[in-house]
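Structures given as structure tokens follow.
Each of the next two complexes has chain A plus one other chain: chain B in the first, chain C in the second.
Our next item is the complex of A and B:
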């Protein structure tokens, strides 16, 4: 009896559960996404050539989605798509084949790893002999070259024969992105100039399948600009500085007395050379680790010329250990010219300037040894110095030499100050070359620098007052003037 | 050579050999090439001590280390210059057959005849070895110095000059100045607090102003101008003092590295 009742009860329970199952419908908004559940699209999409560049880049701006950071389908990022013609998508594969053929026809060919990309290409060309491979290589190079040339025409076929490719991503809240390519035609990122590009921006939610595309914008072309207006301030300063230089050089050439305040370190050079002569000891001139293209080294050449000329006149011994080959060559020319100018060409010896090594601490070891063995009366350090500055100056002090140093390397100036008798700080090094030479060009450029510094002081004070007033009164025009000094890299 | 020097050299040589034997013996349990490895560690320790002996005075051991260091480094950089600059960078751009000969990968973009320019300049530079054509070597030198000076002019003007001006445009009263009352009541000594920002902005402005006066060469530093110049040199000296202390700490870490090598790798006193 009990069993007869149990069966209908179980059937009833199953029916009830089944009914309940059917009745448990999910909330309407999670069922499937219809148009109402998609995020709002970005609007007012505008794409234009990126300004102040060499081309190959497009800048996009848009108004963010209404669901950016809000709403049920909150936008988490924006994906930028560009329409790319099939021809452009085929080029990377052609390049892979070209690379394979170059490897195969070269000396360093070895069998590729099974299953690799090269292996799959190798399977196609494995049976070809060398002549056929060379022929293939040549024709493929022509094909790629023609394909690159045909890219602008291929872009003009929009919307036929192409696809949308993601080219940039911007986080939620952004209203701008850049599609930056390269001008290198061999690069997979090559972006041809003067080609019609079409863009769209997708507002994407946390679920990347739930997204809304914007309206398509195009065509837009990239191209390079002749002038970078972001560097307008630089060009103005170059012109002003150039004018000052020409003006003061002209004045110096006409015999105007251009005053330069005495620099203790430079005044001491002549005394130090005299001391070396009296003591019958050499003078050691160290140009540091700079290369011939660095300003400090160039200034050092001028000072070396002056020192060498005085040394030639006094018939004292000069030693110039060089760290770099080109610096050595220039220094030899400078010293040679100085000996000729002093009227003592016969005293010039090629070994006055000699190469040591291009390794920093090996150079220091050699120069330190030189100091203790030759015991120079005067050590002159002028140029670019790094961690070796204290090692050199300390050894010179131990050897009892008078030491005069000058560098524009700020981190090394303290070491020279503590260990040398005289130190030229930063720009004093450049001024020293003009002060010693008294040549119109150097004096004129020094005067121009001083005027430029005066201009900096005036501009700094004016800009400071203006920026403070702009902050206090919220003057946008003042901020615009200040922005002129913000140099775009 | 003096007798005392000879005795010291023999003693050092004996110590070197003893150290080598002990080090090789210590390494024999765990390393295959323990004799060679023992020699290298002992030799490195010897060179370290030889260089450090310079602190006492110039001596034959320092001279040995110096000449070894200079000779090896000069040869090393010459080889590096040839293999990295000429073979790896230049040849693949100029000749496929030479690239194959040196077994270096060819340039992806094909040959670049433009790179014959540095070759020609390099050859002209070597003309200085010729007694009659030495003057020709001045042309590449002029090219190197002239072009780089021109390029650096623009770079320095941008980074050191104009950016320096714009960096001086700092708010002297802080960004949100609401009067002396709120300023004093909200006095904050943290690095981002208004007082610290205000002081730092004034230091930036006065430092630049007085520093530029110091580096003004066309006027004698007397009177008010001289006062500004003296303030400028004080600011520079304080900066140099801070930089000195910071760099010396870095150098001490180098010394610690060498001492660690001697006591751990060589003598084995410090545990790894």
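Our next item is the complex of A and C:
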């Protein structure tokens, strides 16, 4: 009786299972459609170290899929994958723990938000006392350091103990991508140099699950270069220009007569100092907002030295408000030497050059106040100027001062031209020191500049003609010559 | 020797900086960043010199009763107050004795200045300075509602520092910057007076460009637009590029002169 009941039950079960299988199995034509919808893979994948960089980057090139823009036109993008050893994937988690331990042992520790990542780490270490935490911190730092050192060896274990990770995405139509990491060892994007990397590129369709992988390329290593070939043209120019400079300085030393056209702004300096002496009013020298490492400021130091020497000779008062503390320290030394050279060391006062502030408009307010209170006979603006140029120069004009300006900031030159009596435009600021000194070796460098400018004009005209001819006649050799002058950053 | 060592140092580091531009290798970058760090460190130490200079010049103006000398008190008190705000933060909700501390600290500063600039009552000022200094120390010791933070930038995010910065300094800066509009108008008036042929040409060019960009009347005429674009993109751009090339060459020439020791103006010797 028992068996009689069991047999129909089993039959019923078999029937039910068979029906269920029939219901869930896909029709045969659907399976055929899926396999046919896979895109063609990318081919000829090549990965190599990125050129002209500091390392930590790999450039990949491939031939696009046959279904990218042609064929089934199903490819929407390419995903680049790099094989990453387990060791590398463990490092970010170790760093999270390290950050937590640093926070916990630091002064600004507070309980983490419940459920946060820090809270989950905190639950593991909550019971540890300070000594144990310090010890854990130390050992963890060593572990991370060892792990980073072991990355090249870990990469060499391919394909054991690792996984593929997506490192870049390129839109359809692209045949290149870059895997750019960082040199910072404590960054999650750190990419170790001299490690064996393996890559593959997936051609992906609108449905991301339908994709085809390329063949794997590797090993390839990243490393830094010792010369940036993209800057070859610049290096040649610097060498040629350096040669010109040394040559003309040598000529000047041997007594060659070098003509330099007069600079009205510089010639006016002596008259302006004389005027200030006659009027019994001070001279205000403003060095702008530049820092001591900028060439405009360095040129300004030289002009300040000349002005200060003449001021010392005429026994006029000089005021130099400084925007930056380093500039102030250097300017103090420049003025001090000028007073000594003029034979008036007793007249030197350390407060001739004084610090005002390092905030742009606060500096403007201070200098404008100085102009309106002291009513200087002459204002000299030499150096780097920005939005404050017109605020200063117009106030100086209102105060009735003779104004001489010089800057290499293109946008500020028109303001100075409008508001000042004399303006040194661009490179004239650098030429001023040579012109003021009239020393042959300084004039020699000006001649080198003139020759270089002539060279630039000739090359610009030749480049213009050659470019047009190359485009019109499709001359590849002409394009190659033009490319020699291209600077790639 | 005093002159030769700086020239040699400038030459060596200047040459390195040139090579660094052409060498992208990590080791070259490392030295470059190391040198930049030194620049920052020197800048920080120089800031102390700058503050000392500001204090001395301000005190000198107070001492000699220069025009508007009273503002120098304001400068020094403002500087000192902001420095203190930048180094202090609340430990809880209340400020406790912080404001009496700030007043006492500023009184210490003002009394020190008074003791420096006067001769008659120096003893009185110094005694008062000592009293307020002791008040400051006692508040620091016994009031734990606020504290000093010298190792972190916590103070810069504190309520008082931000309040003074956002509500006083920024509006003042905006005011100074907005003055530029009026200065541009007055400078333009002077520049555009048609005194000679060149000034008249300048005036015409300016009129065309202003008509093109005026925000009220809309486009005046397509010819004005074309003329304005031509003025901006052809003669203006050509002149700007010529100046830029000259500046570039001037920078290279000056750098070479500095590195070769020909130009020594930065050492006070031209």
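The criterion applied here is as follows: the second predicted complex is superposed on the first by the 447 of 489 C-alpha atoms of A that agree within 3 Å, B and C clash if a C-alpha of one lies under 4 Å from a C-alpha of the other, contacts with A are read in each partner's own complex, and residues count from 1 in each chain.
Rule of thumb we're sticking to: a residue touches a chain if its C-beta (ideal position, glycine included) is under 8 Å from a C-beta of that chain, and two chains touch if they have at least 3 such contacts.
Please read these numbers as outputs of a predicted model, since none were measured by experiment.
A.B. asks: Return first, second, both or neither, reflecting whether A:482 touches chain B, chain C, both chains, or no partner chain.
C.D. replies: first
A.B. asks: Contacts for A:338 in the overlay, against chain B (first) and chain C (second): which applies, first, second, both or neither?
C.D. replies: The answer is second: A:338 touches chain C but not chain B.
A.B. asks: Using the touch definition from the top, say if A:93 reaches chain B (first), chain C (second), both or neither.
C.D. replies: Neither: A:93 stays clear of chain B and chain C.
A.B. asks: According to the stated criteria, A:245 is in contact with first (chain B), second (chain C), both, or neither; which is it?
C.D. replies: second
A.B. asks: Go through the superposed model and pick first if A:228 touches only chain B, second if only chain C, both, or neither.
C.D. replies: second
A.B. asks: So, A:448: does it touch chain B (first), chain C (second), both, or neither?
C.D. replies: A:448 contacts chain C only, not chain B.
A.B. asks: With both complexes overlaid on chain A, does A:354 touch chain B (first), chain C (second), both or neither?
C.D. replies: second
A.B. asks: May I ask you to decide whether A:54 touches chain B, chain C, both, or neither, giving the answer as first, second, both or neither?
C.D. replies: second
A.B. asks: With the two complexes superposed on chain A, say which partner A:415 touches: chain B (first), chain C (second), both, or neither.
C.D. replies: The answer is both, since A:415 touches chain B and chain C.
A.B. asks: Touching chain B in one complex and chain C in the other: list those residues of chain A.
C.D. replies: In the superposed arrangement, which is not itself an observed complex, chain A uses residues 108, 231, 234, 238, 241, 292-293, 295, 298, 326, 329-330, 333, 355-359, 361-362, 365, 369, 373, 387, 390, 410, 413, 415, 417-418, 425-427, 431, 446, 449, 452-453, 456 for both chain B and chain C.
A.B. asks: Which stretch or stretches of chain C touch chain A in the complex?
C.D. replies: By the definition above, chain C touches chain A via 18, 21-27, 29, 39, 42-43, 46-51, 53-54, 56-57, 60, 66-68, 152, 154, 169, 172-173, 176-177, 179-180, 183-184, 186-188, 190-191, 240, 243-247, 249-258, 260, 262-263, 265-270.
A.B. asks: Can you name the residues of chain A that touch chain C in the complex?
C.D. replies: My answer: residues 52-55, 108, 183, 193, 224-228, 231, 234-235, 238, 241-242, 245-246, 249, 292-293, 295, 298-299, 301-306, 322, 324-326, 328-330, 333-338, 351, 353-362, 364-365, 369, 373, 387, 390-391, 393-394, 408, 410, 413, 415, 417-419, 425-427, 429-431, 433, 436-437, 441-442, 445-446, 448-449, 452-453, 456.
A.B. asks: Which chain A residues qualify as touching chain B in the complex?
C.D. replies: Residues 99, 102, 106-108, 184-186, 231, 233-234, 237-238, 241, 258-261, 263, 292-295, 298, 326, 329-330, 332-333, 355-359, 361-363, 365-366, 368-369, 372-373, 387, 390, 410-411, 413-415, 417-418, 425-428, 431, 435, 446-447, 449-450, 452-454, 456-457, 459-461, 463-464, 466-468, 471-472, 482, 485-487, 489.
A.B. asks: Show which residues of chain B lie in contact with chain A when the two form their complex.
C.D. replies: Touching chain A: residues 51, 54, 57-58, 62-63, 65-66, 69-70, 72-74, 76-77, 100, 103, 105-106, 108-109, 125, 128, 137-138, 141, 144-145, 147-149, 152-154, 156-158, 161-166, 168-173, 175, 177, 205, 208-209, 212-213, 215-221, 236-237, 239-241, 243-244, 247, 251 of chain B.
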